[in-house]
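The next block holds one structure in the form of structure tokens; read it before the comments.
Naming follows writing order (A, B, C and D), and every chain is counted from residue 1.
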Amino acid sequence: MWKTVLRRILIMIPQLIILSILVFFLAKMMPGDPFSGLIGPNTDPKQLEALKRQAGLYDPVPVQYAHWLKNLFKGDLGISYIQHVPVTSLIADRAVNTFWLALITTIITYCVAIPLGVTAGRHQDEWQDQAVQIFNYITFAVPPFVFYILGIWLFGFTLGWFPISGSVSPNASGFFGTIGSQIYHIILPACLVALISTTSIVQYLRTGIVDNKVEDYVRTAHSKGVPDNVVFSKHILRNSLLPIASSFGSVIAGLLSGSMIVESVFSYPGMGKLFLDSIGQRDYSTLTALILIFGVLTLLGNLLSDIIMSIVDPRIRIK
Amino acid sequence: MAKEIIQVKNLKVHYPIRSGFWNRVTDYVRAVDDVSITINEGETYGLIGESGSGKSTTGKAIVGVEPITSGQIIYQGVNITTAKNRRKLNYNKDVQMIFQDSMSSLNPRKRIEDIIAEPIRNFENLTTDQERERVQELLDIVGMPSDSLYKYPHEFSGGQRQRIGVARAVATNPRLIVADEPTSALDLSVQAQVLNFMKHIQQQYDIAYLFISHDLGVVKHMSENLAIMHRGRLVEIGSRDDIYNHPMHIYTKRLLSAIPLVDVEHREENKKHRQEVEQEFQNDQSKWYDDKGRVYPLQQVSGKHWVALPKDELKQEEIKEKGRD
Amino acid sequence: MSEKKENTSAKEAKKKKISSPTSSFKVVVREIVKDKVALTAFIVIVLVLLFTFGGSLFLNAEKVTETNIIDAYYGWGMNGHIFGTDDGGRDILNLLMMGGRNSILIGLGVTAVCEIVGLLVGLVSGYYGGNVDAVIMRIVDFIQVLPAMPIEIVLVSVIPNYNPLSLVGIISLFGWTGTSRYFRAFVLSQRGRDYVLASKTSGSSDFKIMFREVLPNITSMIIIDVVLQIASNIGIETTLSFIGYGLPSTVPSLGTLIGFANDPVNVVSRPWLWLPATVMLLAISLSVNYVGRAFQRAADARQREN
Amino acid sequence: MEKQSDLLLDIQHLHTAYRLQGKFYDAADDINITLKRDEILSVVGESGCGKSTIAASIIGLYDHKNTKVTGDILYNELNLVGLNENLFNKIRGNKIGMIFQDPLASLNPLMRVGDQVAETLYYHTDMNEKERHARVIELFNQVGMPKPEETYAMYPFELSGGLRQRIVIAMAIACKPEVIIADEPTTALDVTIQAQILDLLEDIQKQSHSGIILITHDLGVVAETADQVAVMYAGQVVEKADVKTIFEHPLHPYTRSLLNSMPQSEDEEEDLHVIHGTVPSLKNMPREGDRFAARIPWIPASAHEKEPVMHEIDPGHWVRCTCWKTFHFEDDEASGE
């Protein structure tokens, strides 16, 4: 198993390298440079030129890449063009918010998806299944942002149950007050994102159960005199949960890098919102850093999925 | 002596096994390992083996759909193991194949007419009318009604589909047909039908068959000469009489003794014999297989009869065999 | 004699054609007519198409997008504007027609590119297998782990002479991978089927086998995928337009209309700006998906019959 | 006459019907067979004749929504037809063991094989975990597993086909059932493995004095292992006798045709016997008259009974219909359709 995991990690290295090259060139494609924001009426063009040369902007591309990579390893993602602070510190604040949003979304997702999937699979073609199928069909068909808009309209404005923007109320005070306010702000967006991210899990689980139900080994279990509910929990459900467990990593990665739309709609100060703000302000150094982070997160998420799979599936574990 | 139609020389098909941390090739699965057989014109050559013995791979290599590792397959004096040579000779006009699973071997989206006409279209320039007539004729040969032409494979039963497969295989008047377990998916009574057709067509058109099967009863019924495969290698080749009445290799004996016989009277004796052979097979592995568990090279016993044994062992076995007669 | 044979067989042919099992079309029609919801969904699609494409015929793009601040923010039905007007005094109904058409066209365009590329890549990868497949799949894997939407947004904002065609290109850049994976899996399973081997031994070329033997077996999969892809690509375009990085600002889209809802004031007091487009997007997404599912069921049903 | 207690299973007038497009069709039509202690009863026939339906009916494993079972399956005077599921679960795996065709598919791929065998013991015995483990090892020894201790912790994919089938057998016999139903237990296996598995089944039967129902399509297997034979055609038993009678004095035309089409005759040059037509599908099965009549068209209709019933020709030898009296092979047509 460790071999599989280690090999899987090794496979990630070239992927990371290609990703970094890609992001680097994307960054090169973007107009502007760290000094664009400094240009004012009093800037001496010659001085600026010297600064640029010093920063290596006129070096050959490979040298620039090496330089960029070196800084990357030092944890230096550059200086924000607009805010003139290190990108890392800019992102760090936002990352915490996005992390909490993703975490709570994940918890809600699995808490909702697993019972729904089990119900649908167990009661295949009965009304419970059909209800879940309709729910699934709608959440699959409609683009997520429509739900966010409708959610904010209904629960935020019309019913007034939840705040519609920000991550914490400015009036919140004290440790618990702040936390409480933060959670209050997260609930609505988290529920709405979870609404959509349940779809694939429910579908996988349902299909898994429906397919496993008719497998020969289930018949064997019945022929041994194992009671129905035990056959379901011990044989059918357990085997169907395997792919769900392994999807965990990619779900998290998807939530982290897919935070853009929901954060934009809810004006939630996370990485996704930062990304959109940066692109609006043409803050390209922040953008580059964010794309890199999103890319690395997805890679790590997939890695996590594969590792979980190799732990839970004996067919991979033993080889 | 009949003229040979195809010669397989030292055929090897090896698949790499990757393992270890770097996924390097550490060993090979020797699916087919040094197999040489010669098939004569118009004869049925039986190739017998259990699952995983490499018999199907051998068949596929002969028709040219399995890339080979080394060795030669000589047809009309040319080694046809390269695709270029096969094209030059129009090899697949002369050598065709019948498959085990009749459903999977017929494209479900094509009409029977198009299925049977496929090889004709590839190798002959016929007008639509000529082509249709030819397909009709082929359907007649395998005893299918002419309205089958416009139907789809799923509208037929297993036995009928297998006959369509036979019709396609004979469409280009081939010299050799590789039949890979053509009847093992069929019921007994249907199997009889297909086997009968295959025999009739052979007599009519002088086709040679390489008949691949695990069923010794069927092979015995069909073929004059046969080869037994085990672990990718040949353990024994010979005429029907050699193999069925004078088997020498323990694996051949084991295989023969394992066939369930319709002989209720002697079933206890058969069982005893079977268990004796199995005992011998288990106990004397080193005598029949080398230290790596591989089958020895073949040694000639008589005329057509070859067996995979070291020379000294062969002598002893011969003496034993004589004593028994 | 042979003429007579010819004659009867021609007649036979006619008779047999009726029982032809491969006519996906007929099965699909039967399935949709049988399923009342699918029929409704289908009618909704037709109505939306008539409304958007038909309506747009009578509109002048420049006139529709012309701003006229005096007319800004008319409400429902005011001054002859059934759905009111936006901040620039543009008629929402007209924007809806053109926007709907544009969104659908982008969805169709992206789907066309993705399906063709995905199908070709999937066929080649699945059919040849081995190293060809390994290399292609590594590339596909890599593209799939890239954060598509952020990169799309960056590309949208940095590409010079950005126009609707560039948007199709940008979305397609990431869209074909899923399709190719989907077809590859199927072709891979067909590759080992004996009928492919039989074609090889019948002397057919790889090209012929791919397109004449394997391809007909995936037609129903293609139809299903096309339908579902159209819905999903409309979704991607409207999402991008919604946050302001989709179609250029001169080209209306359902997404930009729904984007009005990004402003809390609009959400509460000017629902005519975003609600009609939201309803239309809901209608398109739900009905196209439903028809796609109906196709899928029809294909499954036929598979069962076989 | 055997003692009453020797009778393990008494199946009377069993009808098992499947729902196809809303209508029920009898796949097993008026089956009357018995299984005694110390006996291997072989049910033989071609695919689609209803063999497996009988097995499913006995052990009660069928889709309850789309299957209708009527008649009696008496196991020690307990009628299994319509038996409450909870009671049935006390019998399945305990009194009646089942062996399936495909050993890979019949084992849970994600569960250690030892645990799968132990599961049977968990539900039918009072053993604690340790005792169960010991019993599984004992069973592995009994079914000839090399290295039983190591095998316990293995997964099905790590074992060969023959070993997998031994696991399935160990599972079936774990609670020393009185009845073992083996549904094509060797069809998926190579001949040499088949021989070993059949010998194993015989040994188990001798040791445990159980009764085995062996379902197969292979006449060779029947001849080698069975004591009693029931030949099935189109959902009905057409001939029933001890194994010697079936092979040496077969009477029913179907039995005779089947035996004749086996490629084991000494004369290889001759054509094999071919039975006209095909086995009818469930929907198209003739429900009146002799179901085999259509496949022996040269036998005049008058030779068949209107409502064919089983006749006891000799003690213990039952044949359906009277057409066997006039039946002869039509040699001229042997090579035809």
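One rule holds in what follows: a residue touches a chain if its C-beta (ideal position, glycine included) is under 8 Å from a C-beta of that chain, and two chains touch if they have at least 3 such contacts.
A quick note: this is a predicted structure, and the numbers were derived from the prediction, not measured.
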Minimum number of chain-to-chain touching steps separating chain B from chain D: 1
Greatest separation from chain B - chain, by CA centre: A
Chain A-chain C separation of Cα centroids, rounded to whole Å: 26
Whole-Å separation of chain centres (CA-atom averages), chain B against chain C: 49
Distance between the centres, which are taken as Cα means, of chain D and chain C, whole angstrom: 53
Centroid spacing, where centroids are CA-atom means, of chain A and chain D in whole angstrom: 55
Chain C partner contacts - residues on chain A that touch it in the complex: 15, 18-19, 22, 26, 29-31, 137-138, 140-146, 149-150, 152-153, 157, 164-165, 257-258, 260-261, 264-265, 275-276, 279-280, 287, 290-291, 294-295, 297-299, 302
Parts of chain D lying in touch with chain A, wherever the complex brings them together: 59, 61, 85-86, 88-94, 97-98, 100, 102, 105-111, 119-120, 123-124, 155, 157-158, 168, 171-172
Complex contact set, residues of chain B against chain D: 50-51, 143, 157, 159, 187-193, 195-196, 199-200, 214, 216-218, 220-222, 240, 254-255, 257-265, 267, 270-271, 274-275, 278
Chain A - residues contacting chain D, complex: 215-217, 219-228, 235, 238-239, 242, 313-315, 318
Residue ranges of chain D touching chain B (in the complex, touch as defined): 46-47, 161, 190-192, 194-196, 198-199, 217-221, 223-225, 243-244, 247-248, 257-259, 261-265, 268, 271-275, 278-279, 335-337
